[in-house]
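Each chain gets a letter, A, B, C and D, in the order it is written, and its residues are counted from 1.
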């Protein structure tokens, strides 16, 4: 078995809540609370969770924008914090991050060329002509007219900007792409366009990808493996077919059930949500026992007290629930 | 929430102390020697004795320690040129300046709100352009120049209002108008802008969609929402007002705090300047502190963020 | 106008029609001088007790349509043409006073972002009471009773505690629930929901749609739901009305539209919507090109630059909305008469 | 380039108030730069016989002295022109220094936001704002010779806190944006981020504040010299022309009125420009 391109072991990211005159810490926000997973070479793992479940923080910790409170991150087997300086630089070239809102991830006063040139300059490509060449053919690859590189971000439409961001990520021939809801901000017709385009790139450059989304339907086409995240923890993780056909955790079932779909529309089926009215738990004061017990109708005394251990349902299909 | 209030008060105190220390040190750095101005033709060792008596002989730090000790006992030092305690001099000048400031603030706030809201309600009509036009004009007029011109026209030629000194309320009408002018202009334009901005808020549109007739939803909803930006503006404009107060008193010869400060600095009357500067700056800082703390009670969202709800 | 003649011909005023919008035009006169035809000749009807789903991408004019019905179009927009017959009265002819009496009592509008549609300085109780007093004077007790009823209608039981709190103390989903209750105080005949769930999470969105369904069942009002999410429209509405570049491209009963879409844009939309079920093809069939620039729309059909079945005529002449089957209208010169959704997906 | 010129021309056409302001300011700059060559008389040359001559439109006007003369017969037009030169020179330089100080303080405290450096710098800004400006000006100008440079320093002390505050809030806001996170993820150093990324956004945040600030500086400069603590003769400032004319106000009112009107027009023009720039750059308004 080859070394996984990315491995995360029991990663935790907690933020202190400070109150009082001298900002004493009075509570902690358990935003990411013990997450472990692997991404094999060429594999696309989808991380699905509602807003506020901590998926963006997880991504920022993996890319190194924030330091983990506990746990380790291995890139191609090498532990991130034990890497030497130029290994880190090398890793930075190989992992690229794509954000959700295309308008805020491009500097408003940089032309597209300047934004795309940054990674090249930072990784030491001195020759301007060569840089321009790479930018032109990358823009062609993403189906954008190279003339666009002299324009400013606000002169482009949402779909075009999204392609520029993806192009900027490709300029350095990455091996792993971390995509934080890359298509949720787009209109339906553009979502399909960008999704197909990502799938083509995945095959062409044998990229591995961590694809974050809030909707299970979106990742159906692109994901090989899916993880369901809720309030800082992974509740279920399985190959994508298993999730759609054999979901075990009540929260995954609710996600499948509550995604509005055309099929149910045709059969005139409403949502048969078995959910208690309530909100996702506040990460500052997570409920004891299973995190989902505040909204799960199956929750009983045991769920309220004992934190469920992952139960293996089939090869690398785990779910954390007492009721399986 | 208590923590935010105490932290804000602490910040205010640090600033007041900062200003007092800086004034104390800067005054002592002024090259010419106050004792010389007191007794121009005294001999050298008479001057030394005078300095000792005025307490300005020893090095600055020891003077400062003595000053703070006195301050603790509520004694703000002695003014040599007024031959009176600083506190008495202030007590004499303060009422006149406060009348001037009070009138100016009332005029500025009343007209600012009135004209600002009218301009906002019928925005982009001729009324709006007229009001905005006048407010930019008033804001551009240097207030000392307006003072001189009004003195010439109103008191000298038309003899309607007295122009210099202070022998009764009528003496502070003209100066307070001149003092209020620039502040009114700034208030009009900012109240108009924040009202216009709050009209486009989503919740005002939702109120209109619930059938609330536009004029009442406009006033009731938008006003409350633009209260905080108005208070912030008032806080900053207060500093400008205090500065202009000194100028207006100079132009009108109005015997208030401003006049005292000008003479005290020129005559190097250390402790009087010290007391007056402390008075003005702490007034400004305390008002701004009160406004910042006021936000918590005005806006439930801030209260919730501070954990007070 | 040819389009008007068609529509008038077979549309006698049936008793069960609550709202009939005829050739509505709302233009935005931008400071830069450009005129954006946000809504350019829209026709549809809403029957009593039925749900009309309006679907369209951003910039298609669906929100402006809802604002025009309520006559609260933002600056610099103006309603420049057409009629809005609500219970056989043309709302465009009413005075502002009469219109404000209808808003909130007979037609209510639910906004997209619950975090900004409440007055942050008043408690929920104060806002509910004010929403009541605007239209009808009544005793405190009577108002309180009605508020408790509407809150129960959307599944909120602890009304005592809620009435005292400020909006900022609740989650976005909960606030939207309260907003729905607030708009039901006077049992309006028509409830317009403008993207009510776009800013909410998937599970919260499902809860809110369920709340809208319960409210409709209990109060029997008609609903116009406006969204860009095809799933929401297909699961909640009786008729679907597809908008593109300020105009209606297709309107028909839900099932027929989902199974046998006729306009190329609707076909493209249905094919590009990600489905939970497996697809026959590995890739989603997406619509090529980019959304229309509303300031300078192409001559002829606005969708022509992105249409796979474009013909010379489409580039010349703007297609008119015409009836191709009973109750089905399409604005296309060459509608795809024999297309079935099951060709591309597993939908039957 | 022509595309950018077209853009500017259309902006001017659409904002008439800005254009009027710009024209007045250009004329003022022209006068300020070429003051000594376009002055009809030597501003310091006194001719007692032409003493207190009224401006050309009233009787008894002396030929050549369009706006009349002052109490020792010096030509008002030439003195006003020289006064404009001093005012423009001092206010532009003082605002320039204020921007530099404000920028450095704003950038440093914005970048180190949650830290102690930020709170120290903010307390210093509060102290500067808390100090009643006129008092500070008088103390400093008696501390140090009231030369042109000391005036510039004093005036810049008045306005740097505003710039520091504006830039600090912009930097704090921008620090959280995704494109900064993306730059960090790419391994960009913090100095590169501060200069190349944050630096480009300084202009749009300063530009709307600048005209109002220069207007304030012109008023304050003339005020200081009016109170004879600012620019001392032989330098000429609009303020000390007004101060000279003050005791002849009942007979020859124009000596005081005219410099005041000149200051008002310049400040009005700057305010008009400032208003339009504020609307143009305010993200909320043109979303």
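We take it that a contact is a pair of C-beta atoms (placed from the backbone, for glycine too) under 8 Å apart; a residue touches a chain by one contact, two chains touch by 3 or more.
Since we're looking at a predicted model, the values are computed, not measured.
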Most distant chain from subunit A by Cα centroid: B
Most contacted chain pair (by C-beta pair count): A-C
Averaged-CA centre spacing for the pair subunit C and subunit A, given as whole angstrom: 32
Distance from the mean Cα position of subunit D to that of subunit B, given in whole angstrom: 22
Euclidean distance of C-alpha centroids - subunit A vs subunit B, Å: 54
Distance between chain centroids, defined by C-alpha means - subunit A, subunit D (Å): 51
Residues of subunit C defined as touching subunit B within the complex: 70, 72, 74, 96-97, 100-105, 108-109, 111, 113, 116-121, 130-131, 134-135, 165-166, 168-169, 179, 182-183
Residues of subunit D that touch subunit B when the two form their complex: 119, 123-124, 126-127, 129-135, 138-140, 142-143, 215, 219, 222-223, 226-227, 242, 246, 249-250, 253, 256-257, 259-260, 263-265, 267-268, 271-272, 275, 284
Complex interface listing, subunit B residues touching subunit A: 3, 6-7, 307
Complex contact set, residues of subunit D against subunit A: 177-179, 181-188, 197, 200-201
Residues of subunit B that touch subunit C when the two form their complex: 200-203, 205-214, 221, 224-225, 298-301, 304, 309
